[in-house]
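Just so it is clear, A, B, C, D and E label the chains in written order, and each chain counts residues from 1 on its own.
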Amino acid sequence: MISVNHYLLLSAILFAIGTFGVLTRKNAIVIFMCIEVMLNSVNLTFIALSRHVGNMDGQIFVFFVMTVAAAEAAVGLALMIAFFRNKDSIEVDDFNILKW
Amino acid sequence: MENLVQEAIQNVNLQAIMPSLVLSAFGMILLMISVFSKRGRTTHVAWLSVAALVITGMITLAGWNHPQSGFAGSVLLDNFATFFSMICIVAATLTILMSDDYLKREDFPVGEYYPLILFTTAGAMWMASGTDLMTIFLGLEVLSVSLYVLAGFFRDKLSSNEAGLKYFFLGAFSTGFLLYGVALLYGVTGTTKIQGIAAYVQANPDAATNTMFIAGGLLLLVGFLFKVAAAPFHMWTPDVYQGAPTPITAFMSAGPKAAAFAAFIRVTIVGLEGMQGELTSLFWLLAVLTMTMGNFIALSQKDIKRMLAYSSIAHAGYALVGLVAWNTVGLSAIMYYMLVYTFMNIGAFAVLVLIGKKGEDNLTLDGIAGLGYKKPFLGVALCIFLFSLMGLPPTAGFTGKFYIFAGAIKAGYVWLAVLGMLNSAVSLYYYLRIIVQMYFKDPTEDFAWVSLNLPTMVSIIISIVGVLYLGIMPGSLMQLAKLAGL
Amino acid sequence: MADNLLSIMTFFPLLGMLVLLFIPRENDGLLKGFTLAVSLITFAISLPLAFDNVFTTSGGMHYREFSEWINIGNYFQMNYNLGVDGISLWLVMLTTFIMPIAVLSTWHAVEKNVKGFMAMLLLLETGMLGAFVSLDLFLFYVFWELMLIPMYFLIGIWGGKNRIYAAVKFFIYTAVGSLLMLVAIIFVYYYAVQSGAPMNGFGIEEFYKLHIPYHAQFWLFLAFGFSFAIKVPMFPLHTWLPDAHTEAPTAGSVILAAVLLKMGTYGYVRFAMPLFPEALPTFIPLLAFLSVVGIIYGSLVAMMQEDVKKLVAYSSVAHLGFVMLGVFAMNLQGLAGGMIQMINHGISTGALFLIVGFIYERRHTRLITEFGGLAHKMPIFATIFMIITFSSVGLPGTNGFVGEFLALMGAFQGGLRWYAVFATTGVILAAVYMLWMYQRVMFGKVTNPANEKLKDLSGREIAIMLPLLLFVFWIGIYPSTFFDKMNPAMEQALEQMKSRQVAVVEVAQPTVATIQDLK
Amino acid sequence: MYSYLWLIPFFPLVGSIINGLLGKKIKNETVIGSIATVLMFFSFLVAAMNFFTLLGDSVKVHELVVGTWISVGDLQVNWEFLLDPLSAVMIMVVTGVGTLIHLYSIGYMHGEVGFYRFFSYLNLFAFSMLMLVLGGNALVMFIGWEGVGLCSYLLIGYYFEKKSAGDAAKKAFVVNRIGDFGFLCGLFILFWTLGSKGVWTLNFMQITENAHLLQNGGIIVTIVTLAFFLGATGKSAQIPLYTWLPDAMEGPTPVSALIHAATMVTAGVYMIGRMNILFAMAPTTMMTIAIIGATTAIFAASIGLAQNDIKRVLAYSTVSQLGYMFLAMGVGAFSAGIFHLMTHAFFKACLFLGSGSVIHGMHHAYHHAHLHDDPQDMRNMGGLRKKMPITYITFLASTIAISGIPLFSGFFSKDEILWWAFGSTRGHWLLWLIGAAAAGMTAFYMFRLVFMTFFGEQKTDPRAKDHIPESPLTITIPLMVLGFLAVVGGYVGIPAILGGSNRFEHFLAPVFEHAQHLHEIEAHGAHATEYMLMAISVAVAVFGIFLAWTMYIKSPELPGKFTAKFTTAYRVIFNKWYIDELYDFVFVNPCKKLGTFLWRAFDARLVDGVVNGCAWVIKGIGAGLRYTQSGYLYNYAMAMVVGVVVIVGYYIFG
Amino acid sequence: MEAFLFYLTAIVAIVSAFFVTKCRNPVNSALNLVTTFICLAVFYVMLDAPFMAAIQIMVYAGAIMVLIVFVIMLLNLGLAVKTRYTHALVGGGVLSVLLLFLTNYFLRAGDASATGGEITSAVIASYGHTELIGRAMFVDFLLPFEIASILLLVAIVGAVILSKRKV
C-alpha cells in the first residue's frame, strides 16, 4: 500500500533535486526550471497531505502555487529577456556587476 | 447551489479588506490612466497615486480599534494590521513623492511604475492582515512579483536587470522553502490558518515536538527571514538594493520589509507559539548574526546605496531582537521600529535620489564630498537621517532602538542587548564616514545638477519631521504601537 | 520664571540656534555677536542659581520641574524631570560661564562656515546643560548623546590636520561606552519595575532607593563606570582625548576640557556611585588604581610632548585622575576636592587651551620647539600664562591647590592611603611638565625669527582671560563660596551611599528574583 | 597690637600688586623701588612693634583669625596667623633683612629692563615668606611654603633669556615640589590620624596641644615627621635635595641673598621648629635629621673648597650652614638652630650682598671695557680691597663671623650647635666631629674666597681693571648694616658658660621648652668639656684660615700643585661629587626616557594600538566578510541552503 | 498495481527531474521538466485529485512550459558551457544530499498527525473533485482567489513593461 509517506519522500527527493539544480546550474532558464521542480515537489506534498488530512485546503494551495508559478514565470522570463538584450547572455556568471 | 452562494456571501466582509480593496481599485484605475497617457507624461499619475494612498491611509486609520475579520478567517484587519498597513502607506507615499522627478531624470518615465507600487502596498497590506497562510502567501507574492518588476524596472540598465533577476531567483527559491514549510505545517495540523495551527498545537501538545512541525515552522520562517533580509538569507539585499532604482530601494527597505515583519510576527507569535523555545534561541542567534554581517560588511563599502543596503540588513537584525524578546514590548517595538526606520531610511534615500546624476554613478563616498557646503539643506537632512540610523538622540532611531532593546532587556536578554549595542557602535563608523565626506572634505563637485524639486523635498521634509517628532515626542506613536500589539 | 528656570536656561541656546539659522551666512559679525549674546543671556539666566542660598541649607534637588514625557503604561515611562543640587549647581554655572568665553575665543579663529560653528556651539550648550540638570536617566541619556553630535562637527569641520580621525575616534569611543550604559539604564528600570519599588519613570531619586542584588550591581556599575570612564577619561581609555583636543578648534577644546570631561566625573558622582553603592567597594581599588596611574602616566607622557596642546590634553588625564581619586575616597573632603577640582580643571585647562589658541592663531603651529622667548614679545601673555600654569600646577592661593589638596586629603583616609601617596607624586610631575613647557615656550632667547613679530594679547583676548583669572584666585582664596553650596548636597549623597552600603550588611537581602524571571 | 598682624604680609602684597600691575606704566625706577622698599619697611615697623609688644607680654602665643578658607566637613581651615616668639624672631629677620635687600636692589638692579617685575616678585616673596612664618595652621604655612617656591622660581628665572636661568628656576621649583610632596603626605597623615582620635585640625597650637594623642615614638609620628622632614630637605637644600640651590645662583644676587641665604632656605628649619613637639616624639626622625644635617654640612663644605664662582662658593656654604641648623634641630637644639638661622641670615646676607657688590663692580668694569668675561669668576679678581673698601670690610667681618671666630656672631650660634651635637641626649660625638671638621673647611674656603677676591694681585683683564668702582650708597648701606649685625648679632645669645644669659634661648623657651622637657632633651656635660670643645673648634677654624692664607697668599702656587697631585679627588670635588650627573642619570633621564617610552611606545602603540587595533580588526573582518558577497547567484542560494540545513538540522536533531 | 504504478512513475519523475538539472541543452531540460510534470499529474490522479491533475497539465505543462521553451528559442540559447565550477557542483551535491537526508529524517521521525478530515475519497467520489475545489475556493478562500487575480495582473503588467521594446 502506498502511504502518504511515500509521496512525502518522493517529493522530498524532487525537492532536493531541484535544489541541486539551482545550486549547480549556470543557465538562468534552467535554474528557473529547477525552481519549478521544487515548487512541483511542494505541490505533490500538498496534494498528498490534502488527501491524508482530509480537507481541500492543500489542494487550494496548490492551485495558488500554480498561479504564482505562472506569474513568476511571466515576470522572470521577462526579466531574463531584458537582461539578455543588454548582455547577450543569461548565464548567472554574468550577473556579476553587483557584488561585495 | 443557492446555499453555496449564500455561504460565500456570508463570508465576505469588505470592511476587513477595505483599504487594500480601495488601493487595488486605484491601482487598476491608474493603470488605465497611465496606459492612455501620453508617453513621458507621468506626473499626474504620481500625484493621483499619492492621493490614492492618502485616501487609503484615511480609510485604514478609520479602521483603528475596529478589528474586522472576514473571508472565513482569511483576514483580520486589526490594529496590528492597520499599523503595518500605515507604515507601508507612508513608505509608498514618500517613495512616490520622490519618484517622478527621478524617473524623468533617468529617462524612463513609465506610468505603470506607480500602480505597481500601489499593488505592492496592497500586497503588503494582505500580508499584514492575513491570518491564513494562503492569504499571506499570496500577499507576499503580489508584493514580491511587483518588486521583481520594480527592481528590474530600468530594463535598459544592466544593474537594474541584474538586481531584478537576482531578487527574482532568490525570491522564488525562498518561496520554495516557504511553501514546503507551509505544506509540512499543513500536514501536521491540517490547516493553513494561523489560528488553526495554534489551536491544533494547543490541543495536541505533542505536535510541538513533532519534527515535521518543527521543520515546517522553520522552513516557513526561512521565507520570511529571506524577506526581512536576515542572515544567512540576506545576501540578495545588497545587490538588489544597489541595482534597483533608488526610490524602489528606499521603498523595499521600508514598506515590504515592514509587511514581511508583520506576517513574520503574526505567524511566529500566534501560529508557532508552541515553538517559542526553539525560535527565541534561533532568533537570538540570527539577530546577532544579521546585525554583525550587516554592520561589518558595511564598513568597507564605498557605494552609498550598497552601504545603506548593508545597514538595512543590520537594522533587520535589531528588529529581530524584538522577536527574541517574545513579549508585548518587543513586538510593539518592532512595529515602532519599522515606522521609524521608514522615515529615516526613506529620507536618506530621498536625499540620495536628489544628489544622484543620471545613472547614479556618483553615489559613492567620494562622490558626495563636500555636499554639506554645496547643498546645505540636503546635507543637514542626510545628517539627521544618518544620526537616526545610528540611533542617537534626539532622533527617532534612538527611541526605536530603545524600544527594541527595552523589550529584550525586559525579557532578560541582556547580553543580546549588549551585543546589539556593540553592533550599533560598529555601525557608527560607516554612517560617520558619509558625514565625514559631506562635511569634513572639501567639495570636488558643485552639485549643480541637483534640482530641489518640490515633491522630493516634501518627502524629505516629512521624513525629517517624522524622525524628529518620533525622536522627541515618541510617546503617542509608541502608545499606538503598544495598542497595535497582538 | 523661577518655576521653569532650568528649562529656560537649558533650551535658550537651542532657541538661539534656531533663530541663528535665519541669519544670513555671510554676516559673520552678526552671527558671532548674536551667539555671544545668546550665551551671555544664558549665563544671566543661570545666575540666580549661583546666588540662591537654598543650596547652603538643603542638599536636595531644587528648581524642580516635572512633567510626564513618554508614558507607555506598563512598558515604560519617562519624565521630563529636572532639578539642580549643590553637586550639579557649579557645573551648570561653569557651563554657562565658559560658553561666552568660548564664543569670544573664536572671534578670529573661525573663518569658515561661522554659522555652522555657532549653531553647533549653541546646540552643545543645550546638551551639556540638559545633561547636568536631568534627573531622569532617560532624559539624561538623551542629552548625554546629544552632546556628541555638535562636538563631532566642531572637531571634524573646524579641526586641524588629522581632524577626521580624531572626530571619528572621539565619537565612536564615547558612543561605545554610552551604548553599554543604555543597556544598564534599561536594566535598572525593569529591575525596579519587577521589584515593585516605587518609581517615577527613570527618576534617579527613586532608583537610589532600589535594592539591587550585588551581582547585578556589579555589572551595572561596570557598564555605567565604563561609559563614564571613557568620558573622564581614565587610563587606559584616554587615547581619544589627546587626539580630540589636538585637532579640535580652540573653542572646542575649551568646552571639551571644561565641561565635557566633567560629564564623566559628574556621571560617577550622580549616577554610577549612588545607584550601585554596593558594587562600589569592589571597584574602588581598581578605579583608584587607574586614577593614580592616570595621574602619573598622564604627567609622564605630558612631559615629553612636543605639541603644547597635546601636553595640555595629557595633563587633563592627570588632573582628572585627581578628581576621580577624590571622588572615590568616599568622604566629604575627597568628594569636595573632586568636585571643586572639576571646576578648577574647567577653568585652568580651559584657560590653557585658550592660551594655546592665542599662540596658534598667531603662529599656526603648536610645536614647542617653534617657540621660545615669547616672554619678551608678549609680557601680558606671559603673565597670564604663568598664572594659569601655576593654577594648573596647583600652587596654593590658586584654585588648583584647593582641589588637589582636598582630593588627596580625602584619599589619604582609609584604604586609599597608598594610592594617595603615589597620587601625590603627581604634584611633583605637574610642576615638571608644566614648567618645562612654560620654560621652553616663554623663556630663553627668541630664536625663531617668526616669533619676532608676535603681538601681545589684544583687548578681547585679555577680556576673555580676566574672568578666568578672577576665578583662579577666587576659588584659591575663598572657596567657601562654592563649598557652602556644595556641602549639603555632598553630605546627603555620601550619607545615602553609605547608608545603602550599611543596609546591605544589616538587612538580609530579600530573595529578589533576577530579571530573567520577567520572561 | 596683635590684631594688626595681618598688616605684616599685607604691605608687601600691596607692593607686589602695585608694581606688578602698574610698574610697567610707572617706569621710574626710583618710584618703583621706593614703593617696594617703603612698604617692606612698613612691614618691618609693624613686625618690630609686634615683636617688642611680645617681648613685654606675659602671654607668648597669639592667634589671629582673619576668615575661613576651606571648610569641608571636619576640615576647617581658617586664614589665621600665629605670633609666638619663634615667628616673632622670624618676622624680624625676614622684614629686617628683606628691607635692607630691597634697598640694596634699587642700586643693584639699576637699569634692568624688568625692574618693576623684579620688585614685584621680591615683594611677593616677602609676602609669601611672611605667610609662611606667620601662618597659624599648616595650610596657611603651606601657602607661604609654596609661595616662596614660586617667587624663587620667578626670581631665579628673572634672566629668563638665559637658558641656564630657566633651567635653574625649573629645577628649584621641581625639587621644592619633591619636598612639598613630603610635606603634603605628612600633613594628610597627621590630619587623619589626629582626626581618628577626635581632633580634626591643622592648627599648629592645636596640634601641639594634642600631639600626645599620637603614640610617642610610634610609627605614625615617625612617618609624619619624616615626611615633613622631606619637605624641609627640599626647601632648605639638604641632602638629597640640595642640588637646586647652587644652580639658583643664576638669579640676581639680591635674590640669592634674600631667598637663598637668609630666609626661604631656612623655612625648613623654621618648620621643624614650629612642629618641634612632633619631632621630639620621633627619635628616629631626629636622628635622621641630625645625620643628614651633619652630612650635608661637611659634604657641601667639601664642594665649596674647590669652586671658583664667587656665588657658588657662597651657595655651597649656605647649604653647609643649613646643614648645621638641621644638625641642631636633629639633636634637639631647637633654639640653637633658630639662633644660627638668625645669625646666618645676617652674615650670609651680608656675604651675598658683598659678593653682589663685587660682581656689580666687575660687571661695570667689563661693561666699560666691552668685555664678556665672567664677572663672578674669582680667578679674575684679586686685590679688590683697595677698590671697594666698604665692601671689603663688611665682607671680611661676615667671613670671620661665619668661620666661627670668637666675639663674632657665628661663633656663638655655631658653638652652641656643636655643644649640643656633642652633649645632647640625642647627640653623638661623631656628629660633633663632623660639625667641627665642616667648621674648619668653612673657615678655609671662606678665607680662600676673601683672599682670592680682595687680596693679592689684581688678575682682572688689564683693560677693565681700572674701572672697578665702589658701589653706590644704596648698596653699601645695607652692607654696613648687615656687617654690623654679623658682628654683634650673636650677643643676644651669649651662652651662660661665657657669662651671658642666653636671652635668645629664654625668649624662645615657651615654644621649645615643652617638648624638650617632655622628652628629656637637654645638653649636659662638664663645663670643662664645653670649654675644650669650644677651643677645639676655634682652633680648627683658625687652622683653616691659616691654611687658606698659606695657599692663596703666601705661596699661591700651592693650590696648583695640590690639585695636580690629587687630580681625581680634586676633579670629584670640583664637579660637586658628580651629584647632578648622578641625579640626571638616576632620576631625570630615566624619567624622560620613561615618558618618551610611555608616550611613543606604550600610549601610541599599545594603548592606542589596542583601540585602533579593535577598529582595524573589525574593519578587517568586515572586509573579509565582504567577499562572501561574491555576486554569484548560486553562492547566495548555497548560503541559503546551508542556513536551512543548519537551522533545521540543529532543531530537528537538537 | 497501485504500488507498481507509483514506483514506476516515481522513478520516471526522479530521473526526468534529475535530467532537468543535468542536460546541457536547455531544451532537453525543458522536455524533461515536462515529463516530470506529467508524472506529477499521474500522482495527482492517484491521490484523488483529478482536477489538479488537469490543471497541472494545462497550466504547467501547457502554459508555463510553452512560455519557457518559447523564451529558450527566442534567446536562441546554445549548449551550456562545460561547468568549470566544480566546487559549486560538489557543494550543491553535498548540500542537496544533506537536505534530502534531513527531509527524509524529519518526515520519518515526524508524523503527519492531522487526519480524519471530512473530505474522504468517498466524499470526493460523491460530490466530484471539481465541485469540492470550487466550494473551498469560493467559500473559504475567496480572498486569496481575488488576490491571485491581482497577482496575475501585476505579472502581466510587469512582463509587458520589462519586455516591451519601446515604452
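Going forward, a contact is a pair of C-beta atoms (placed from the backbone, for glycine too) under 8 Å apart; a residue touches a chain by one contact, two chains touch by 3 or more.
Computed from a predicted model, the values in this text were never measured in an experiment.
Both chain A and chain C are touched by B, D.
A comparison of C-alpha centroids places C closest to the centre of the full protein. Of all chain pairs, the one joined by the greatest number of contacting C-beta pairs is A-E. Ranked by how far their CA centres sit from the centre of chain D, the chains are topped by E. Measuring from the averaged C-alpha position of chain C to that of chain E gives a distance of 69 Å. Averaging C-alpha coordinates per chain places the centre of chain A 7 Å away from that of chain E.
If you average the CA atoms of chain A and of chain B, the two centres end up 25 Å from each other. Chain B and chain D have centres, each the mean of its CA atoms, that are 78 Å apart. Residues of chain E in contact with at least two other chains: 85, 88, 91-92, 95-96, 99, 102-103, 105-107, 109, 112, 114-115, 117, 135, 140-141, 144, 148, 151, 154-155, 158, 161-163.
Counting only residues that touch two or more partner chains, chain A has 4, 8, 15, 18-19, 22-26, 31-32, 49-50, 52-55, 57, 60, 64, 68, 71-72, 75, 78-80, 82, 92, 95-99.
Shown for chain B are the residues that touch two or more other chains, namely 134, 137-138, 141, 145, 148-149, 152, 155, 164-166, 169, 173, 184, 186-187, 190-191, 211, 214-215, 238-239, 429.
Every pair of chains in contact is given here: A-B, A-D, A-E, B-C, B-D, B-E, C-D, D-E.
The residues of chain D lying in touch with chain A in their complex are 626-627, 629-634, 637-638, 641. By the touch rule above, chain B contacts chain C in their complex via residues 326-329, 332, 373, 387, 390, 392-394, 398, 402, 405-406, 409-412, 414, 417-418, 421-422, 424-425, 428-429, 432-433, 435-436, 439-440, 473-475, 478-479, 482.
Residue ranges on chain E touching chain B, taken from their complex, read 102-103, 105-107, 109-115, 117, 135, 138-144, 147-148, 150-151, 153-155, 157-158, 161-163, 167. On the chain E side of its complex with chain D, the touching residues are 85, 88, 91-92, 95-96, 98-99, 102, 105-106, 109. Contact residues on chain D toward chain E in their complex (touch as defined above): 634-635, 638, 641-642, 644-645, 648-649, 652-653.
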